[in-house]
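Per-chain residue numbering starts at 1, and chain names A, B, C, D and E are given in the order in which the chains are listed.
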Amino acid sequence: MLDVQIKKQLFHYDLEVDFSVGNEKVILFGPSGSGKTTILDSIAGLNKPDSGKICLGNNLFFDQKQWMPTRVRNVGYLFQDYALFPHMTVEKNIYYGIRKKEQNSAIEKILDVLRIHHLWTKFPHQISGGEKQRVALARALATEPSVLLLDEPLSALDKQTRTECQDEILRIHEFWKIPFIIVTHDMDEAEKLGNKIIFLEEGKIIKTTTV
Amino acid sequence: MNGVDYTPLLLSMKVAAISTSIVFLTGVYFAHLFTRKSFFGKSIIESFFMLPLVLPPTVVGFALLVLFGKKGWIGSWLLEWFDLQVVFTWIGAVIASIVVSFPLMYQSASAAFSSLDSRLENAARTMGASEWRVFWTVAFPLAWPGLLAGLVLSFARGLGEFGATLMLAGFIPGKTDTIPMAIYFAVESGQMEQATFWVVIIVALGFSTIMWLNWWSKRNMRRFSADKSR
Amino acid sequence: SNERDKPVEIMISAAVSLTDALNEVKENYETTNQNVQLTFNLGSSGKLANQIDRGAPVDMFLSASSKDMDTIAAKGLIDESTKVEFASNSLVLITHRDNSTTINSFEQIQPEKIAHFSIGEPNSVPVGRYTKQVFERLGIWDPLQSKLVMGSDARQVLTYVEMGNVDFGVVYSSDTVITDKVKVLAEADDEWHESITYPGAIINDSLHKKEAQAFLDYLTSEEGKAVLKKYGFK
Amino acid sequence: MNGVDYTPLLLSMKVAAISTSIVFLTGVYFAHLFTRKSFFGKSIIESFFMLPLVLPPTVVGFALLVLFGKKGWIGSWLLEWFDLQVVFTWIGAVIASIVVSFPLMYQSASAAFSSLDSRLENAARTMGASEWRVFWTVAFPLAWPGLLAGLVLSFARGLGEFGATLMLAGFIPGKTDTIPMAIYFAVESGQMEQATFWVVIIVALGFSTIMWLNWWSKRNMRRFSADKSR
Amino acid sequence: MLDVQIKKQLFHYDLEVDFSVGNEKVILFGPSGSGKTTILDSIAGLNKPDSGKICLGNNLFFDQKQWMPTRVRNVGYLFQDYALFPHMTVEKNIYYGIRKKEQNSAIEKILDVLRIHHLWTKFPHQISGGEKQRVALARALATEPSVLLLDEPLSALDKQTRTECQDEILRIHEFWKIPFIIVTHDMDEAEKLGNKIIFLEEGKIIKTTTV
């Protein structure tokens, strides 16, 4: 169970949210600039809320007094701007977070679905926008995290690839049973991927629906 | 030019290699540490690092002599505990080279680390990388062009170092005579042919090392400085 | 060298102006005294004195000026009883070999006709100190003030003259032996400056005083003097 | 310390300011030119730029004297056509400082430009920016941290330059005596009080300038080196 | 009339297209990695095709012998990864390509619709992904180009903002009457924005439809 309770002053409004995610798929849905990425960054430990508390089960990620470094939070995070390592090949990027070599077959499956096998030896500046996004998705999935954060994971993909990737995400959740938080702007996608949709506006939760 | 004593060449290579290695490691270490932390007095320490560059080498050498001489703070301590004599030995030449070339490495590395995109380091952290791994796999390779510049500069400076070395290591033919000293004293005693010979040697040594460094870097680190455009 | 005993190494800090002469002396000495190896540390006398003051492991100091020797003697660093003057030198007025000047004595120097005159820096370089004494004696120190280019050693003065960047320079007569690009116009009268002597002494901390003394004796013997003379010393 | 002649201070400031400006402009110019173009012999020219760093300053000074002396190639030409005498003037000190600090600027700037993201320069070009404008509005500000490092290094090196300056500009009290020369001769003649005084002055001058440069850069160029993370 | 005729060898296939764009809105539609960005880059002069010819009216952009520099092609280009200048504020970014100050009122209108006025003094790293995309769109529109290239201009935006931006793009085309080439993965958007849709696959045009 991931409990998130954040207060943080942003430039134009205060972000103030409070929600819990079980081993389910929660969608953050809201207009551009409503604080979605900020929430994911806080969970991953890439920024510090002004106050609040974030914990995953018994693991306290953050509260007034404590701060757990990003490294040990064990989150898988697909960044909105990918943040691929420019000096590493696709292969090195994807294998970066993998500890044990045994999981190879799971990864192979992911690579097949995402269709990025042929990019194996390419560097990020040598591949297309959508290819980058798929590599970033593979990288986030490859770590076998305790929480998965996906910031607009499929926005640069065409319909067909998108559908296949959605199915893969669902399949992986089936398998891992951990909290997924997914940001998307596409209502159809939200309804397909999520158990629960959190509607954000100017940093506040205005509605929560269960699919 | 028969019967030339080649000790200056070997000595210079040894001194430059050792001092460059030490300067590279410590320069990179401090630059990385200092670009991430900010604390009171940081800019004073940073300015202090630049000191050996501002002062004429002879003065640096004099200061080193005061520190490392038999009666100096460090010198007496080294002598007592390690029975190590620095003055008039090749170790003195290494110390002099380190001190004069450190500012070059530090400043270059510092600039390189400060323009890194911390988003990439964060990405590595989310994947469970330790700070040590983040450094070696992300910060170091991405800062490489700047680090290489520092490496080239400090190697060249260490190789050419003369003033401070003369003071600390002395000019003892066959023992502490680096190439720059051999040149200086050949000029002093009017042996222009000898001086020219050594100038050619040091230039060849410097050039070939720098070109080798650049070539090696292009070969092994091409991707690190890869043009990020499509 | 002898196979059985390792030769004793004697570390001698010597004024750089003695380099060539000493190299020849060393060669001669080591062939007859195989138990000794002479190692030189060369530099300007001031630097050498500084190093000895800071505890450099030296057995003997061969200085180009009594002032530097006196400095460390005053600190009790040398064995005063071993101090000897092993050579002397004189000052010469030089110009570029292509210079058509007709001057042939120090008295004929006309400051107003000179653009640049190079001498050693008087406070730190012995040759400069002696030169200053000469100029003061001749009353041309003040009028020459704005023309003086001061070198950090005799070699620099020589270089300026060799390349024709200064009109005149003053160096030791021994310095002119190694170059053919300059011509000597005049030699200064010994009366005009304190005597230019090269004192040598053994350092108190030396571990090889006996061997050092033997070499110092050799240097002051007729044989040693002959070599020094060959290189322009007296 | 009464009656101290302050000409070394003024002279050093003048020389360091002029030489640093020239080195900055030319160093940045060549580094930018060379990182964009590749041609045969480029790495040879680049190694050649490093030459003054590898050679002991006295040798550099000697070479400069050969070039700029009254009878030297450039020197005789300057004298004939411009009635300009370089040897034994403060201009000689500027030339010596330029030559020894250029490699530092070039190498730093070169590293900075080579790690630029050319995609941003292209974006500027699509908006009709001339190469001149692309340089000043995109390449220069983004390379700034590295350029600043080069600026600091070459300023410090130029300020502390001694060996080559002594050779080319000579030591003419009241005319070509920079602070490093004043220190050198004070140390050599055992006037420790005088030497310490000038060391304090040069350190103060070096530190305050470097700190001012850093402060100014932080204030005016903060955004250029802005942390690219969120 | 923009004539595009490109042959270029890519890593996994050869790009080979030939099409013309009048003063209309053409959509490039195709799966990820099919060569859309490569085509826009070629038109903008950011890469060189192996052979072919690109010209806009009488202006020859590229052929075997000639090459017109990017600077004088006068294209407006929204990059897929935005390529905002990280060291400039939103204001400076948007005004970068503006030559005459008179067009201010037109720009004001764009800024209103894109709702980025309040970001005026912020730097790119201080704004959200969707905000970046809108700034990049404003920047491309502000130059008053002769050809407009938009590479997935609205992919990071929520439905409502997206609709408004689509309307603005249509309005601007009405006004400027120049060739627009727009890349999108959304069929609805393609049909709304385009006069003509070019379907790409592996670097070849497989179909062209007129709406």
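The criterion applied here is as follows: contacts are C-beta pairs under 8 Å (C-beta built on N, C-alpha and C of every residue); 3 or more make two chains touch, one makes a residue touch a chain.
For each chain, UniProt lists the protein as follows: A, E = ATP-binding cassette domain-containing protein; B, D = Molybdenum transport system permease.
Computed from a prediction, not measured in an experiment: that's the story for all the values here.
Asks: Just how many steps, at minimum, does a route from chain A to chain B need if it may pass only between touching chains?
Replies: Minimal hop count between chain A and chain B: 1.
Asks: List every chain that touches both chain C and chain D.
Replies: Touching chain C as well as chain D, we find B.
Asks: What's the farthest chain from chain E if centres are computed as the mean of the Cα atoms?
Replies: C
Asks: Give me the rotation angle that lays the C-alpha atoms of chain B onto its copy chain D, rounded to the nearest 5 degrees.
Replies: 180
Asks: Compute the centre of every chain as the mean of its C-alpha atoms, then state which one is farthest from the centre of chain D.
Replies: Here the answer is chain A, farthest from chain D.
Asks: If you average the Cα atoms of chain C and of chain E to get two centres, how far apart are those centres in Å?
Replies: Taking the average C-alpha coordinate of chain C and of chain E, the gap between them is 80 Å.
Asks: Using Cα averages as centroids, what's the distance between chain B and chain E in whole Å?
Replies: Whole-Å distance between the two chain centres: 50.
Asks: Take the average of all CA coordinates in chain A, do the same for chain E, and state the distance between these two points in whole angstrom.
Replies: One centre to the other, that is 29 Å.
Asks: At least two partner chains per residue is the criterion; list those residues in chain C.
Replies: Those would be 47, 159.
Asks: If I count partner chains per residue in chain A, which residues reach a count of at least 2?
Replies: Residue numbers touching two or more other chains: 37, 46, 81, 126.
Asks: Scan chain D for residues touching two or more other chains and write them down.
Replies: In chain D, the residues touching two or more other chains are 62, 119, 122, 184, 227-230.
Asks: Under the stated contact criterion, what part of chain C meets chain B in this complex?
Replies: Those in contact with chain B are residues 11, 13, 16, 19-20, 39-43, 47, 50-51, 54-57, 153, 155, 158-159, 178-179.
Asks: In their shared complex, at which residues does chain B touch chain D?
Replies: 43, 47, 50-51, 53-59, 62, 103-104, 107-108, 110-112, 114-115, 117-119, 122, 145-146, 148-149, 152-153, 156-157, 159-163, 180, 183-184, 187, 195, 199, 202-203, 206-207, 210-211, 214, 225, 227-230
Asks: Residue numbers of chain E touching chain A in their complex, please.
Replies: Against chain A, the touching part of chain E is residues 11-12, 30-33, 36-37, 80-81, 118, 122, 126-131, 133-134, 151-152, 155-162, 185, 187.
Asks: With touch defined as at the start, can you tell me which chain B residues reach chain C in the complex?
Replies: Interface residues on the chain B side: 62, 65-66, 69-72, 75, 85, 87-88, 166-167, 170-175, 185, 187-191.
Asks: So in the complex, the part of chain E that touches chain D is made up of which residues?
Replies: 44-46, 69-77, 79, 81, 83-89, 96-97, 99, 123, 125-126, 139, 143
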